[in-house]
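Each chain carries a letter (A, B and C) given by its place in the written order, and its residues are counted from 1.
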Amino acid sequence: MLEEKHHFKAWLYLSPALALLLVFTFYPIFNAFYLAFLYNFDYMQRTAEGMTFTTEGINLFHNFRRTLQDDLFIRALINTLIIVFVSVPVSVIISLLLSVWLNSIKRFQGFFQTIFFLPYVTNAIAIGMAFAVIFHREYGLINMILTSVFGMEEGLNWLGRVSVDESTPAIRAWFQRYLNLPMLSLMVFITWSGLAFKIMVFLSGLQSIDKQYYDAARVDATPKSRVFRRITIPLLSPMIAYITITSFIGAFKEYTAIVGMFGIDLGPHGDANRLITIVGLVYKSLNEMDSVGAMSRAASAAIILFMMTLVLTLFNMYVSKKRVHY
Amino acid sequence: METIEIRLENLTKVFQAKNKEETLAVSDLDITIPAGKLIGLLGPSGCGKSTTLYMISGLLKPTSGKIFFGDSDVTSVPPEDRGIGLVFQNYALYPHMTVRQNIIFPLENIKMEKKEAERRVQYYADLVGIGHLLNRKPVQLSGGQQQRVAIARALVKEPRVLLLDEPLSNLDARLRLQTREEIKRIQRETGITTIFVTHDQEEAMSISDEIILMKEGVQQQKGAPQDVYDSPGNMFVAKFLGSPPINIFDGEIKDGKIMIGNANVGRVEKKKNQPVVVGIRPEGFKLSERSSFQVKVEFVETIGRDTTLIIQNPKASKDQANDIENEDMNRANTFRAIVDADEKIKPGDSIKLNVKPHKTFLFNPETGELV
Amino acid sequence: MSEILYDNEAKIRRKQMITKGILYSLLTAFAIFIVIPFYWMILTSLKDAEEVFSAPPSLWLRPSEWEIQNYWLIIRGEVPYGRFMLNTVVVSAISTVGTVLTTILAAFAFARLNFRGRDAFFMVLIATMMIPGEMFVITNFLTVSWFGWVAEQTYFDAILAMTLPFMTSIFYIFFLRQTFKTIPNELYYAAKVDGTSDFMYLWKIMVPIAKPTIITITILNAMGTWNAFIWPQLVTQFNESNRLVSNGLRGAAYVDEAGRVLYNEQMAAAFVVTLPLLIVFLLLKKYIMRGVSRSGIKG
């Protein structure tokens, strides 16, 4: 009977999943912290000179410090934050609008739904390469439209190497360094690939809202914009919160899209790591495994990433607790 | 508040399914609903009563026919411009708003001045008796309280017409009794023309000024509840109204006498000999030694001042094509008679019954029309 | 309340028509935005050597101009796509079967069996879902290296390294548990009365009832493997013949003698990788969409 306890049997059923989780999920979490506090861990020799906190004259956060002092870290951090705070709001708003529009039509709804869902199933590498062709300076679609439709004399060098002119004002130099054309192209791609999932979740959320609320609002002569703000958005707020949290986490981990569009060098030709992200930094460290301490730096970068997502997620949850109607 | 009459002219609604199959939901309805009255739209489920209500609200568009509010034709007016208040079956209270926000919502739509809006919210909340619950959320309220909030929200913009869709169906039995009195009181106090839809005949009879009985999209009868009960226009109406329901017997008219089997249960003038369906209300029987209608009592139920006798039916009516649902009693092997609780009758007794003429109705067995 | 004159039905209808027109135009515009990368991929893959380097690019090609040969070059070219695809299919089949099995067993334990610490343990699992995968990747790489599956890698090593770490998924366990929970207790009681063992009940009753969810899990997992890039890139770095399609696609250089990238061949390869996904999607759309929208509703 259900009330009976089945300790042994239950753990038996759980054991295959549990064994795998122990080895490949739980242990790695602890080990990541262990690695991050190892001093001079040499992966090739599998030796370390002890822990950072037991070694004389070595800072506890030695590995974190080395990660943070890496010139690339600042760039990775800013790139990541740009992707997170620009692409997420943009794609959430676009997908919210699209799903509301989609929900309000009858004819061709299924057709549009199928099309909007296409990006969900695609290979990020393959499509990233297609985007690279679309943004190509000479043979790309975008520049063709810019020159022939908008009458620009010359197309933009979307994916070309970025040269930062230090003599320009600081803000301008900042834009050149971070919010440059390659970054914009990348964000178009990221937004494109993120829409599908969001639209589907919002659409199913919209479809589960009782139609009577809309009838009631209609009888009360509620303007369309007010219906959207006062009824649709609040009733959809659990989905919006869910999508926002998962998208933020996803955006923090952006990496494959960059590889798809720019290759393993994470930047335009001759301008490697221009678009590096924190996850990119983790893999970069991981690929330098013959250098002493690389694994520890990778681990510390991963932990920094984890902390940032954690803080943002907690903040998101705090906001949703106040604002979300369940 | 201005009161208006509502007139439906040849109102028809045809639903078209995806496979082009058409269903006639409401057929050629011609009804005038007097100003300031409480009207019950009554009928079994699927009779088109809710469709009619939604057409009056404007949420559904009639296939043909016209709807007038007072003198103005509102047939093609969108619901938001009709000046109606609508209470939904499930209340449709916005779950994320407090009671106050729910009620004030329609007023914010018309950008009413804040102070006046607040005053009105308080007034109508007090009127329906939920003035102390304004800061609660709908989930924190009982079914009856939610219902009142829905009514307050419908009334707060002072509509010309109040429409209620099955207002009591989500309440438990005791609350239902209480709430229907409440609806009646609110309607009296506001004097607003009110239409409500229900499948419960008792509910409709108890509070309506007039009832409109519908079946399969067609109006059957309209009138004051007691009038309709006392002189039903056809067998459907007779069967639908009354609890316990009317007893139905196969009988015949023979030389001016109404016969059920060999028993004479009454007389009719100027009617030729023909088979008929005899409908007798349970309260239409009297114990009488002189009657030829002799029957055997199976069970006796005494509830308060009345005793209901469940009696072996000497001649139960056969299945009628247009029998209404859930009314198996009509065709059962027993029928019911209500007598004074003072009568000492035991199961198994053989009794003789007289029939009150004004509680007896004769119907054509084929058409169900009154003979 | 004031009387409003309602002779403007035609006006209202016209306004509705305009709104609808705008709505459909916007939707169409975004639909085009979504479709363009696919279209451009196919279009470019069909261009010949001259066409692909013409500026401005042509927006469409007549069937007679299609250069199907690009696809032949891909299939017969230096990059062994056939082998990569086979690798991918093998890896995805094994990891999917493994995932589905471990998921069914674990979800059953969480949904039906009563044991001490069940809810606490389940909460721990859910919390783990929030931790970014990069935390695991480093150690997992060390682990599979330590198992000897990375250096001097055999085919078998590669399969193990690419499947075993992914043979269970907390998200799928959660997802299937939710479905299992909707199966009424009465069925379980009835089966018990009939003397059915838990295991039989799971296979004969719960699994068939939850089949749509299990199909969804199967598809999503298989597609995930098809798109996997990072992990296979890491673990097959010393034996590139064991790579999966995404790595092959990104790793290959399509360059002519002049050092120009041959976008037509590159896009042909990309389309070869994309096509199976599109076919699976169009055939099994229902299950994939179900999974996605469900995951949202459950939050």
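Criterion: a contact is a pair of C-beta atoms (placed from the backbone, for glycine too) under 8 Å apart; a residue touches a chain by one contact, two chains touch by 3 or more.
Quick caveat, the model's predicted, so the values are computed rather than measured.
Asks: Kindly indicate the chain pair that has more C-beta pairs in contact than all others.
Replies: Highest contact count belongs to chains A-C.
Asks: Farthest from chain C by Cα centre, which chain is it? Let me know.
Replies: It is B whose centre lies farthest from that of chain C.
Asks: Go ahead and note the Å separation of the Cα centroids belonging to chain B and chain C.
Replies: Distance between chain centres: 56 Å.
Asks: Would you mind pulling out the distance in Å between where the CA atoms of chain A average out and where those of chain C do?
Replies: A distance of 17 Å separates the two centres.
Asks: Taking each chain's centre as the mean position of its Cα atoms, how many Å separate chain A from chain B?
Replies: From the centre of chain A to the centre of chain B is 60 Å.
Asks: For chain B, give me the residues that contact two or more of the other chains.
Replies: 78, 81
Asks: Enumerate the contact residues on chain C facing chain A in the complex.
Replies: 20, 23-24, 26-27, 30-31, 33-38, 40-41, 44, 52-57, 59, 101-103, 105-106, 108-110, 112-116, 118, 125, 128, 130-143, 164-165, 167-168, 170, 173, 185, 188-189, 192, 198, 223, 226-227, 229-230, 234, 245-246, 249-251, 263, 266-267, 270-271, 273-274, 277-278, 280-282, 285, 288-289, 292-297, 299
Asks: Which part of chain B faces chain A closely enough to touch in the complex?
Replies: 57-59, 78-81, 84-86, 88, 90, 92, 94-97, 105-106, 108-110, 153, 157
Asks: Given the complex with chain B, which residues does chain A contribute to the contact?
Replies: Touching chain B from chain A are residues 210, 212-213, 215-223, 226, 230-231, 234-235, 237, 325.
Asks: Quick check: in the complex, which residue numbers of chain A touch chain C?
Replies: Listed in rising order, the residues of chain A that touch chain C are 1-7, 9-11, 13-14, 16-18, 20-21, 23-29, 31-32, 35, 43, 94, 98, 101-102, 104-105, 108, 112-127, 129-131, 133-134, 136, 138-141, 143-144, 147-148, 192, 195, 197, 200-205, 208, 238-239, 241-243, 249, 252-253, 255-256, 259-260, 263-264, 279, 282-283, 286, 295, 298-299, 301-303, 305-306, 309-310, 313.
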